[in-house]
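See below for the structure under consideration.
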């Protein structure tokens, strides 16, 4: 009876789990061992949600490896737009980012986005920080749209459906979903559960929930059961691949 | 200069903190020492959000003390509608609840709600569990309304504005805000930070955020700084009063 | 001739792929967890706030703070996590589960599900998380007896009971058959040994066709307990 | 004659009640934290995910994983907590803070705030959390010089720069005055010592009245560091 010939379509897991089943393990193991495995399958034209507030929580090494991976014409959602020539800035410098959606592209050293934007080589969409965050959560939560006061009556709210609730105008915001999320956490386990370090937590839990394929770089990996179930911030259901990247000194 | 005569209105804290400043402490201390202090000021006609899924996480003792407190004509939002003759059932038995909004009023022993409803003495509004939860979060998050697929095309979605997004009908749901939240947690600190125990967490974090006055009963209280800031589930900003109620054997 | 509830549960369990995130509805669907084939790791979600639900504990280790959605004591397996209700329903409504198995009063040939209220109900209305699970989960499986106790079909052209969600059921497992809900209506994939397609049609309240490679629905003899 | 930035910060700090939850905008408003009067416990929120922000650490204890919204190293005080961005903005947008202190390019007499872009801006547009804070916080205080460097007033009948939010500012603290935004427009509560109401009006781009009990705006001499 185990051998039903045509395993129906729906019995396959929906998400990209166990790509490395080839190594013969029967257990769920989301830990991968190379940047190639971590970033496999990211396609041209993808929308990439990126964690981090400034450099805290930014998946710098994953972003740099994405240059090698080769995907082009990317739309990146990130609170900031990179600084220096590393991480997100390196990806942009390599010409891979068609558009960036962010709240605050200006940081000390945000030279790459400045240059590319001045040269007309990158499209920039600026939105309120909380709206970006809530729009990603809406995508994660199956919400078709929500009304918020933020940006109502401002230039950033122009063109958006506006409706009054409780005496205040609200704009309608739509979910912001990623094809891929790249994030940095502190520790990840075999099931993909994640914990974070202080304010490096920032956008990590939200981007993790809001993408079809979620890839986390972590300082350390552990087996299932080694993280206290009370303190897990991102349950593994949201995470597809976990790559250990030793923290820079 | 410290003695500006007319301290402007807005410099008073918005929420009911430090009601017991009379004891002369200068520090924020949300820990109260009696049911009277915990429940002071709850008015007739209030909407009360109540944590708990069945008995797990239910603030049983606070609910029973609310009988003594005396508030009437309450609207209660709770996943279940009480069982036996204790906790929420006792409050209903005392005739204090005009209306209950819940997802699942039937449990083994939900005799009080059955009787009151049959006698026409309580109004019952049934809504999907996730919708109740998300509506409370919307109230907490300043969201004027949101669209969800849940209940679209069903009896519970009738009369609600329906709108198509991504090929699926969604209903518009409005925020569900409480005047008061009563919840049970495991540990609370001086600042009102809370942690929970296993699945007794359930609705606690959500009701805590969604009410004007949030009152937590906890198994134990500690000083500020004794809870690891990484594992706090409900930050104290959402909590007004914390009462230690020793856990029943 | 038909399967008993454990056997239906067993049959469903065979089809759940390794690594799936699954919610089992309260009641009969809970049995599915007992029959997951050896070697597969399935993560069970309980909507009251946990992933990685394990079997029920021995009596002396029950803790009423660790319950499932049916309010029965359970355990947590290594790798499991606790979270609050709104996050739990974010998982459900946001389509993060792979599959849910729900009981059913009626299923229509377009995949409508009725499983929360009957018109003859004398109980209070109670929906719980059924509408969230049915509307939010990408793959919804119904587990039910093929007919009600009085013999009336549960698979219908249209549901007569109040809907839980419209157009959501992908497959129905009954004591008599495994039936897909397709754009062409109900399609039998397996019929219980000894029953003809016409006999199954007699027990079905809508048009029913057979898959090209129609199989036989069988399950091993199973005791009342987990096999 | 006017106050310096530390003195404006000091003046604001005097008005923040014990037990308040406060967000200080990036830049000049950050100074307010240095002047909270002894004996008051104020909980500072930073929108990148912490409550209970403390002063900056000594150089050798800086950790780039513990930053404030201005991306500067900070500390956490006992009782503080970390949380993710969406929860942090739930606090902001849901009105859970008591007060925010924001910088301003312009403030209108109806409480409109412009503080994120000027039309002459050659930089990239950048809004950060300004619109969330301005729209969501129940009490919004603007901290600014009374006039721009070229002497043009910042308090106006209508803002000419792009708005951050409409009708949100409750009070403005400048180097010259403390001014409430009321249904009747700008009302001066305090004017710096030595300045007349008419002189202040000359520096204000909208109708300005004086509160009945108009006071004198003074602050102690303060060094560059916290006083």
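A, B, C and D are the chain letters, set down in written order, and residue numbers restart from 1 in every chain.
Keep this in mind: contacts are C-beta pairs under 8 Å (C-beta built on N, C-alpha and C of every residue); 3 or more make two chains touch, one makes a residue touch a chain.
What you see is a predicted model; the values in this text were computed from it and never measured.
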What is the touch distance from subunit A to subunit D, in steps? 1
For the pairs B-C and A-C, output the one whose chains share more C-beta pairs in contact. B-C
What chain is the most remote from subunit C, judged by the mean position of CA atoms in each chain? D
Averaged over CA atoms, how far is the centre of subunit B from the centre of subunit D? Could you give it in whole Å? 33
Could you list the positions in subunit B whose residues touch two or more of the other chains? 134, 137, 141-143, 148-149, 196, 198, 229-230
Overlap residues in subunit C, where contacts from two or more other chains coincide: 50, 76, 82-83, 89, 93, 136
Pairwise touch list, complete, is A-B, A-C, A-D, B-C, B-D
In the complex, go through subunit A and note every residue touching subunit B. 134, 138, 141-149, 163, 165-166, 168, 170, 174, 195-196, 198, 230-231
Which residues of subunit A touch subunit D in the complex? 53-57, 79, 81, 103-107, 110, 113-114, 117, 124, 126-131, 133-134, 136-137, 148-156, 196-206, 233
If you look only at subunit A, which of its residues touch subunit C in the complex? 1-2, 4-8, 10-15, 17-18, 26-28, 137, 139-143, 189-191, 193, 209, 223-225, 227, 229-230, 232, 235-238
Spell out the residues on subunit D that touch subunit B in their complex, using ranges where they run on. 14-21, 37, 39-41, 43, 45, 50-52, 76-83, 87, 89-91, 93-99, 136, 138-139, 170-171, 180, 189, 213, 215, 218-220
Quick one: which bits of subunit D touch subunit A in the complex? Just the residue numbers, please. 46-50, 63-67, 71, 76, 82-86, 89, 92-93, 117, 123-132, 135-136, 162-166
